[in-house]
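Given below, in the form of structure tokens, are the structures.
Consider the two complexes below, in which chain A is the common component and chain B and chain C are the respective partners.
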Partner chain A sequence: MMEKMVFGRYIPGDSFVHRLDPRSKLIFVFIFIAAVFLANSTVSYALLLAFTLMSIFASKVRIGFLIGGLKPVMFLIAFTFLLHIFFTKEGDLLFELGFLKIYEEGLRQGIYISVRFLVLVLMTSLLTLTTSPISITDGLEVLLNPLKKVKFPVHELALMMSISLRFIPTLMDETDKILKAQLARGSDISSGTMKERIQAVVPLLVPLFVSAFKRAEDLAVAMEVRGYRGGEGRTRYRQLKWDWRDTTALLILLAVIVALWFLRG
Partner chain B sequence: MKVKTMAVNAVIAALYLAVTALIAPFGFTNIQFRVSEMFNHLVVFNKKYLIGIVLGVFISNLLLSTLGWYDLTFGVAHSLISLAITVVLCKFVKGRVKGMVANTLVFTFTMFIIAIELKLALGFPFWFTYATLAISEFVVMIVGVPVMNALNKRLDFNRMIED
Partner chain C sequence: MQATATTRAQTRWHPLDLIHCALFATLMMIGANITSFVPFLVVGGVPITLQTFFAILAGLILGSRKGAIACTVYMLIGLAGAPVFARFGGGASSLVSPTFGFIVSFILIAYVAGRIVERRGTLKSFVIAALAATVINYLFGTNWMYAAYSLWFSAPEGFSYWMAWAWMMPPLPKDILLAVLAGIFAFRLQKVLKIIPIKTDEGEMR
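Let's look at the complex of A and B:
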């Protein structure tokens, strides 16, 4: 069951990107997502694509692996591309076959939006591929720390996220077990009429919720008897360290943004 | 925040991901059919579930979504805004079934947030996308009303997070 999904898709490694602090990677991706919208000419999109490929190279993640993970997105990209090709009717007519007319602007928009989307998906998957979910949680907690001033429960949220990540494999195993147990009893949620499928979901969800609540109860009791009293004064096992790599990565991104600004059409 | 509230919400978030990943693998396209969407109704039983649901959406989109961080930002914003509206509405709407129907309508209406996401990310036409998303969300959530009601009779969601 777990093989079906490349869970969290984190691949441990020792590349430049792997060694970056999760905080710098998070800041990098956030800024990158916004910066992508600066591109509006062929040269600027080419720069984005080249920069993304360079980042993949620096992460030592196999291109084949990344492309394999892109299969579900490819359909969406192809669909978007065709949507723009057929429905944008501006610029010179490039091709005509019966009712099918392809215009220059449609082709251009199709390519631009596909590249933009591809670059975004590649860059964000690079983050999850090179950063373990628990590091992402640690990074987010530190980045959100200023919100503590407005009484936002940053520590509690980070703790809940860590607990959640710890329980995902357990609950996935359980879901899978219950699915199979119900299947063995003749229940079927993947075929039949809508009503039958809905009815089949109830006997699936009842044991799932029961066991989830039981685990939560046990956990709460365990935390209380061990004297858990919130985040105040707690020390950390995993320490985050910002070094020259992080500053370099952000400076390179800044350079790319400046270049994008000047390459705008 | 009470330890029990945190533990229940964390486990609900994990369950949200498990259900998203295993029960409805056809969830992240224009036709959204996630069984886990039904979890949104939990907030009608007790507003404390809001955190667990939003966290579940966040983790699911972080680890499973193909649209990457677009889904992360817009998906979380959509759930958070809709659930917050429902929490306020539930002060005026009496009865759980009515509350869940109100929740369904809120989620259907706020689907425009996801339509904006798809327009921004992929240049999809806004109104057409909004219409298809709203219809599918409405169907999943309205179907969720009797399901969650049946579950509540056996489990009592309010008690599970309160004592």
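Let's look at the complex of A and C:
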């Protein structure tokens, strides 16, 4: 379980996509999500799929990792595909078996929608596969900076994200320890009625909360004695750098969008 | 721990507030995956997540503003790729998942639950706040699911609004039970931690 936790979804690497600035990757993915809806013909969907496969190739991420990420949504894609096939009754009849009738339009819609969702999931997965959570946090902080004007706590939010990320392994260890301690005392949490089992959560949660809030106070004291006073004038260890790669990536995306626009049916 | 008056005046956010939100977001991650630590709370083959339970607690314990921020942090670190969602899910692709609405709704329910107990902090209002939060969670999450499904999948004709509800209903009894527990648990915890000032019938506790 722990090994899954260390990096989360992130797979370290040194490809073109890995080296992109987190800011450009975030902008890229958000524009891409919107651009996917431009596609409405076979050629445009083919272009989307080709572009996505090209990006995967450029990221040098092993296909296995992407397939792993697809597992939870496979059911959804299959379900929708079948709904489209059985309920869209337009176009020529392609296949008939008893009450089962598959029409051309249904098959086409089913394939289009599956490709659209597949492309969305692959592209967004690629973002988190090639960018560590902490650099996404950094990128987000800079991108959201304009919101400071409306008193949105951008810096605080980013700091909270970093603290939260840092404490994931710590609190997981803690939970593990508490559970083992309670089991050693003979606490029975895996039998009984649903109500009893839900109540059995309390002896786990109380020590967990106590330790989490104790840690919080320790950390707050540590921050105070080091003179933390908000984001103003704070310098950073991890610097973001926008270079030619980022501009190129966004220009390629722009070209794809223009192409999609002209390939619309 | 009490901050000195000067540090309170200098920053809008006291470090302790910041860290409370951050740690609560991490606690929500534990709650979402508690069944992975030991295989208990598995009812009918489906592992129970305590995500909603923790979102309600965030509002009840940290108050409306901090609670909502804690849930926002949880959502953001999940989107940034930390495996914090149920079954160690996470990553930007969660954004297009139809059930993402439940995660967005945590922000809202933490705020609402916090608001209710900030007005009146009796045991009864804690439980009512938790139940109200559960209702909002279902309303928001299911509507989002329907909307998201229609958007990403161009809603095939066979998929109706009521189908979305039928899909989402099975875990309701367990969630109501958990909400009542959340109310009672948060009431006791708040008495000890005293993070938000709560008004009971006997007067303000802090």
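We take it that the second predicted complex is superposed on the first by the 239 of 265 C-alpha atoms of A that agree within 3 Å, B and C clash if a C-alpha of one lies under 4 Å from a C-alpha of the other, contacts with A are read in each partner's own complex, and residues count from 1 in each chain.
The definition used in the following text is that a contact is a pair of C-beta atoms (placed from the backbone, for glycine too) under 8 Å apart; a residue touches a chain by one contact, two chains touch by 3 or more.
A quick note: this is a predicted structure, and the numbers were derived from the prediction, not measured.
Annotation: superposed three-chain arrangement on chain A; chain B versus chain C shows a clash.
Once chain A of one complex is fitted onto chain A of the other, the partner contacts of A:83 extend to both chain B and chain C.
When the two complexes are overlaid on their common chain A, residue A:57 makes contact with neither chain B nor chain C.
Of the two partner chains placed by the overlay, chain B and chain C both lie in contact with A:224.
In the superposition on chain A, A:167 makes contact with both chain B and chain C.
Within the superposed three-chain model, A:156 lies in touch with chain B and with chain C [touch as defined at top].
More residues of chain A are in touch with C than with the other of chain B and chain C. Once the two complexes are overlaid on the shared chain, A:132 sits against chain C while remaining clear of chain B. In the superposition on chain A, chain A positions 1, 5, 8-9, 29, 33, 72-73, 76, 80, 83-84, 109, 113, 117, 120-121, 124-125, 128, 133, 136, 153, 156-157, 159-161, 163-165, 167-168, 171-172, 175-176, 179, 189, 194, 198, 201-202, 204-206, 208-209, 212-213, 215-217, 219-220, 223-224, 228 are in contact with chain B in one complex as well as with chain C in the other.
Here chain B touches chain A in the complex through residues 1, 3-4, 6-15, 17-19, 21-23, 28-29, 35, 51-52, 55-56, 58-59, 62-64, 66-70, 121-124, 143, 146-147, 150-151, 154-155, 160, going by the rule given at the top. Chain A meets chain B in the complex at residues 1, 5, 7-9, 29, 33, 72-73, 76, 80, 83-84, 109, 113, 117, 120-121, 124-125, 128, 133, 136, 153, 156-157, 159-161, 163-168, 170-172, 174-176, 179, 189, 194, 198, 201-202, 204-206, 208-210, 212-213, 215-217, 219-220, 223-224, 228. Only residues 1, 4-5, 8-10, 29, 33, 69, 72-73, 76, 80, 83-84, 86-88, 109, 113, 116-117, 120-121, 124-125, 127-129, 131-133, 136-137, 140, 153, 156-157, 159-161, 163-165, 167-168, 171-172, 175-176, 179, 183, 189-190, 194-195, 197-202, 204-206, 208-209, 212-213, 215-217, 219-221, 223-224, 228-230 of chain A touch chain C when the two sit together in their complex. Of all the residues in chain C, the ones that touch chain A in their complex are 1, 3, 7, 10-16, 18-27, 29-30, 34, 36-41, 43, 48, 50, 69, 72-74, 76-77, 79-84, 87-93, 95-98, 152-154, 156-159, 174, 177-178, 181, 185, 189, 193.
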